[in-house]
Amino acid sequence: MSPTNYLLLSALLFTVGAIGVLVRRNAIVVFMCIELMLNAVNLSLVTFARMNGQLDGQVMAFFVMVVAAAEVVVGLAIIMSIFRTRRSSSVDDANLLKY
Amino acid sequence: MNTAVMNTAPDTGGNVMLLVLLLLPLLGALLMYPLRTNVPAAKAVAMATALLEFVLVVVTWVGYSTDAASSGERFQYVFSVPWIPAFGTHLAFGIDGIALVLIALTAFLVPGLMLFAWAEKLPEGRTASGYFALLLATQATLMGVFTATDVFLFYVFFEAMLIPMYFLIGRFGGPNRQYASVKFFLYSLLGGLIMLASLIGLYVTSADQLGAGTFTWSDLQSIAQSTPTSTQIWLFLGFFVAFAIKAPLVPFHTWLPDAGAEAPIVAAVLLVGVLDKVGTYGFLRYCLPLFPQASQILAPLVLVLAVIGIIYGALLAVGQKDMSRFVAYTSIAHFGFIALGTFAFSSQAFAGATLYMVNHGLSTGMLFVMVGLLVARGGSRLTRDYGGVSKLAPLLAGCLLLAGMSSLALPGTNSFVSEFLVLVGSFPREPVATIIATVGIIFAALYILWFYQQTMQGPVRGNAVIRALEAGGVGGPGAMIDPAVAAERGSGFPDLTRREIGVLAPLIVVIVVLGFFPGPVLDVVNPSVQSTITEVGLPDPVPAGGVVGGVR
Amino acid sequence: MTAPPEVLPATGAASVAWLLFAIPAVSALVLFLAGKRANAWGHVLGVGSVLASFLLGVVIFVQALGVAPDQRTTELSLYSWISSGTLNVDFGLRIDPLSLTFVLLITGVGSLIHIYSVGYMAPHASGHGADADAHAEPSSDSSRRRFFAQLNLFVAAMLVLVLGNNFVLLYLGWEGVGLASYLLIGFYQDRPSAATAAKKAFLMNRVGDVGLALAIFLIWLNLGTLQYTEVFARIGELSGGTILAITLLLLLGACGKSGQFPLQSWLPDAMEGPTPVSALIHAATMVTAGVYLIARTNPIYDLTPTGRVVVALIGVVTLLIGAIIGCAYDDIKKVLAYSTVSQIGYMILAVGLGPAGYALGIFHLLTHGFFKAGLFLGAGSVMHAMNDDVNMRNFGGLGRKMPITFVTFGLGYLALIGFPFLSGYFSKDAIIEAAFGQEGWQGWVYGITATLAAGLTAFYMTRLMIMTFFGEERWRNLKAPDGEDYHPHESSPVMTGPMIVLAIGSVFAGFVLSAVGLNQWLAPSLGELQESPDGALPHALVPWLVLACSALGVLVAYLVVGRRPTPVQRPEPVSFPVQAARRDLYANAFNETVIERPGIWLTRALVFLDNRGVDGLVNGLAAGLGGGSARLRRLQTGFVRSYALSMLGGSVFVVAALLAVRFA
């Protein structure tokens, strides 16, 4: 199978994730969409590694996974604490940090 | 590539005198912190520091050799150690005659100002120890800015000066102090940042020409003549804007009346008397020697600003209602004279401009002090609140008149010598500008005499005076105030006290003595002025058969 | 032109010539600094210092008489004053016949006026203007001390002016006397009119000073020196245009100091000062500094006939307008002031005649110093007797009450109008003769105007005499301005003494000075006096013409004023010429309309421009930045998803841009 298909899938996943981040209000869903975007990038990284015959892309993918894991820990904790104080998981309700 | 030899000063230290002059007031300022609760001790320590500093400056003056300066030694008391080797910066100090007279002015003024501030009523919640600490800190930065011979070090002090002055105005100033201090700070900072850009450009230029970048003044000067003129113009403009804001020249002047009016009197004296001189000093020390061609090309621009400043500042001084703003505007006129002398490129004009910096510090300092004494008695800064004061306080009136006469450059006072030198030195090269500037002396007489007439002459009048007299138990609303009675009862508008005479007496003596015997100062200044002439590379205009008329 | 005399170093008494001005200067300093402690003896020190100066002047004068005329020009360099590059200004003195003449005049007349002032400024003397009225000073002792300090300062500055051997030192004295004049005109500080007059005097003087300063710059530019000897030796190298410019600028300086057209209007206002000041500064000495300046720089004026014509014309215009306005005033001091303006006009005319007139100008200056000082002191004596009133319409018949004042004043009057064989006769006639001696139109214009003004002088002075000393005693039915009755009385001997001495001088000075040969004495400084040829009119005819004209003036005054009772109220309305003369020929109105009002508007406009325009720009910039950022921060909505959208948008833009660059 041509690597191009993987790239197309990656782009598709990324687009789905990006649109999800933009249109959904629920923080958990937004979060999951972000994960989707990250994994879309991972897919393309691995694909490029394969195409170029180098391991750099795969190393990078692992790196992204670690960062994503760390992000999930912090992000979920924040979402939890916001939900506890405000009884809401909508990102639009947490808009105090503005001008 | 220029292969000029780098004549960097030895990096092994040198004479530590200037370092001591810099660190001593800083140390004094730091000592104010542990003494913050013990105000009398703090004042005593501050005064002792200032007096010691003055003594050390006198020692420096005595040790300064005019012979060595005449024989081409550009700087004396040289001290230099590497600072940031990667950028070629040094902690380099040294003085020529021009810097020497200015640090002498600073050291002379500060003890008197402390004596003036000794019993000053400070705003709520402010302590005298903080006040004196800031004064000493200002003095330290001034010492640094005048003695630095590394352009980067100069820049650091140039910006550092703002900090203590900002706090002096912002914490101890008048009702509108927040506005004035922020305006002062931002305006000066803007100029400084433009200068920083030029500074980096200068560094790059030096790296091009010498192979390794440097900030050392002497090295930069040695490549000045070979720097392309177009580069010079851009670099000059960067420095010029900073100095023109600091000095200030006319379109950049509006921060000064605000800052001068809102600052406490001692800060106003230091600000207008010394700190602003960094601008004109910068013209003479940095703009001219480092960018000689650019200075000559752009001189007409500066001269136009200078001449406008002379007339414009004078007319605005006439129209001011606030006494401190009045003094600030007279200074703008005087800075026009200094700029005229600086960009007229002759040894008389340079010497006159240098001397003018000192004399203006003395005469304007004294004018500010006189305003401060009036405000201390009447509690108002408005001119119209005072009138006929000479009847109540003849000594005060006499001192104000003397300060005014010095300000309008009456022969026999210090300022005449400098104004004469500036004008006579500028006339050969710039006859038109000089003629307009000379007409400016009429306006100088106008603003001083008009101010004196309003506040000192005529019958006793004015809200502040009347209020003060009533508070002293004399007269009532609309009552005819009899000063003789007022004197007996201990009037609310007393003449000078002993302490105030102590503040004024040294100023008066110096003003009169320098009017008749300017020799000692001129002797120190002249050799350095000659060096500057050489560095600019424009020979002194030779009198005889000159521009106007000519030989038959 | 004769070769200038050799300049020798000063020897003997002349080597301490600096004491001449140092003594009064130190005395002034002591009086200023000692404060109340000096109240008791201040006036003694003040008089003593000027007397000491006078005695030293006499010694130096006698010493100069003892040597040959070509060895009388000496110099004394004290120290280097201002030195920079090629400019070197010495604090040096030039002791020559011209400066010695002035030294004797200044210290001699000065001493007399100092003595007079002891009486005139005495504490608790009858009503001293506002000082006494408002109980202004805690003690008048204090004010007398201040007076003597300022008067001594004046003497010192004036001596520096005439003794300096270079233009800068001249300028030092020039502005120094300006300061003393400012202080003394404004001596009665609580009178707003005095303060304004003082300021006006200083400012108009400064206008002249600008001229003097520019002349100095021009000389330095072209010759590289400012010392008289060197300048005069090399002035011939310059082009005619430069010399003309220098002379005109010097003339501007002279006009300011000497109250000449167009800067004459400060001098009458200067009468706000105490009368001894008017006598010493605004009649005898300071206002003649302009004449001194032109006489001193005679080698420059010698080279420019055009410049001299301008000088003479200024003199002619001034002497005429001074005389015309003098006819209209009722204020005794202002009449004398305009008389001074007019007489200095004669002197300026004389020095404008060149080698034929320099010495005559100085001659008239000396005799004028005597009789005008005497007249002012007499006027002071009258004011003293009349509760400080100056309005002659309130006087009348005072001759019987104050015989000494009457006689001394009368002699001064006769000297001024040129009564035969009194001093004015010798000096003024000589000037008019020389004026008629000019070629062409100049002789006619100068001569006729000067003669006409002599007639006017006789008129206004006779009017003054009649209104003050003769006729009905109008004051008997009047109250003084301070609400008291008038009690005219003769003044004390300390005042009448100097008046008598000056009256003797008024009578004999002219005869003596011309008999002993003032012209020869001055020749080393001013060159030989050239006898003017018979120009427009033969010389023999001129004295008769002048005498006839003056007699006519006296007669008209007698017919107009003496034969009719003088109304106490000023007649209104009057014909246009009288009205114009009363209003100073509209000089003040002109200044006010053309300079003062526009100046005030300009100042107000500039203040507005500075606050709203220049500072407005600065504040506007700050406000613009502030407002702009206030708008921009609205973009920070707090909605995470809009941030995400903008990030996406940004990323897309960057990628698009990259692609565009790659594939374009």
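Going in written order, the chains are labelled A, B and C, and every chain counts its residues from 1.
By our rule, a residue touches a chain if its C-beta (ideal position, glycine included) is under 8 Å from a C-beta of that chain, and two chains touch if they have at least 3 such contacts.
Remember, it's a predicted structure, so these values are computed and weren't measured experimentally.
Student: What chain lies farthest away from subunit A once each centre is taken as the mean of the Cα atoms?
Tutor: Of all the other chains, the one whose centre lies farthest from subunit A is C.
Student: Give me the ID of the chain with the smallest distance between its Cα centroid and the all-protein Cα centroid.
Tutor: So the chain sitting closest to the middle is B.
Student: Subunit B to subunit C: how many Å between their CA centres?
Tutor: One centre to the other, that is 36 Å.
Student: Roughly how far is subunit A from subunit B, centre to centre by C-alpha average, rounded to an integer in Å?
Tutor: 63
Student: Averaging over Cα atoms per chain, report the distance between subunit A and subunit C in Å.
Tutor: 95
Student: Can you name the residues of subunit B that touch subunit C in the complex?
Tutor: Within the complex, subunit B contacts subunit C at residues 183, 186-187, 250-251, 253-255, 312, 315-316, 318-320, 346-348, 351-352, 388, 390-391, 394-395, 398, 405, 410-412, 416-417, 420-421, 423-425, 427-428, 431, 434-435, 438-439, 441-442, 445-446, 449-450, 453, 456-460, 482-484, 487, 516-519, 522, 525-526, 529-530, 540, 542-552.
Student: Within their complex, state which residues of subunit C touch subunit A.
Tutor: Its residues touching subunit A are 633-634, 636-641, 644-645, 648.
Student: Quick one: in the complex, what on subunit A touches subunit C?
Tutor: Going by the criterion above, the answer is residues 18, 21-23, 25, 30, 91-92, 94-99.
Student: Could you pull out which subunit C residues touch subunit B in their complex?
Tutor: So the residues of subunit C in touch with subunit B come to 32, 35, 79-87, 91, 134-138, 146, 168, 171-172, 174-176, 179, 182, 186, 189-192, 194-196, 198-199, 202-203, 206-207, 209-210, 213-214, 216-218, 220-224, 236-242, 245, 602-604, 606-607, 610, 614-615, 618, 622.
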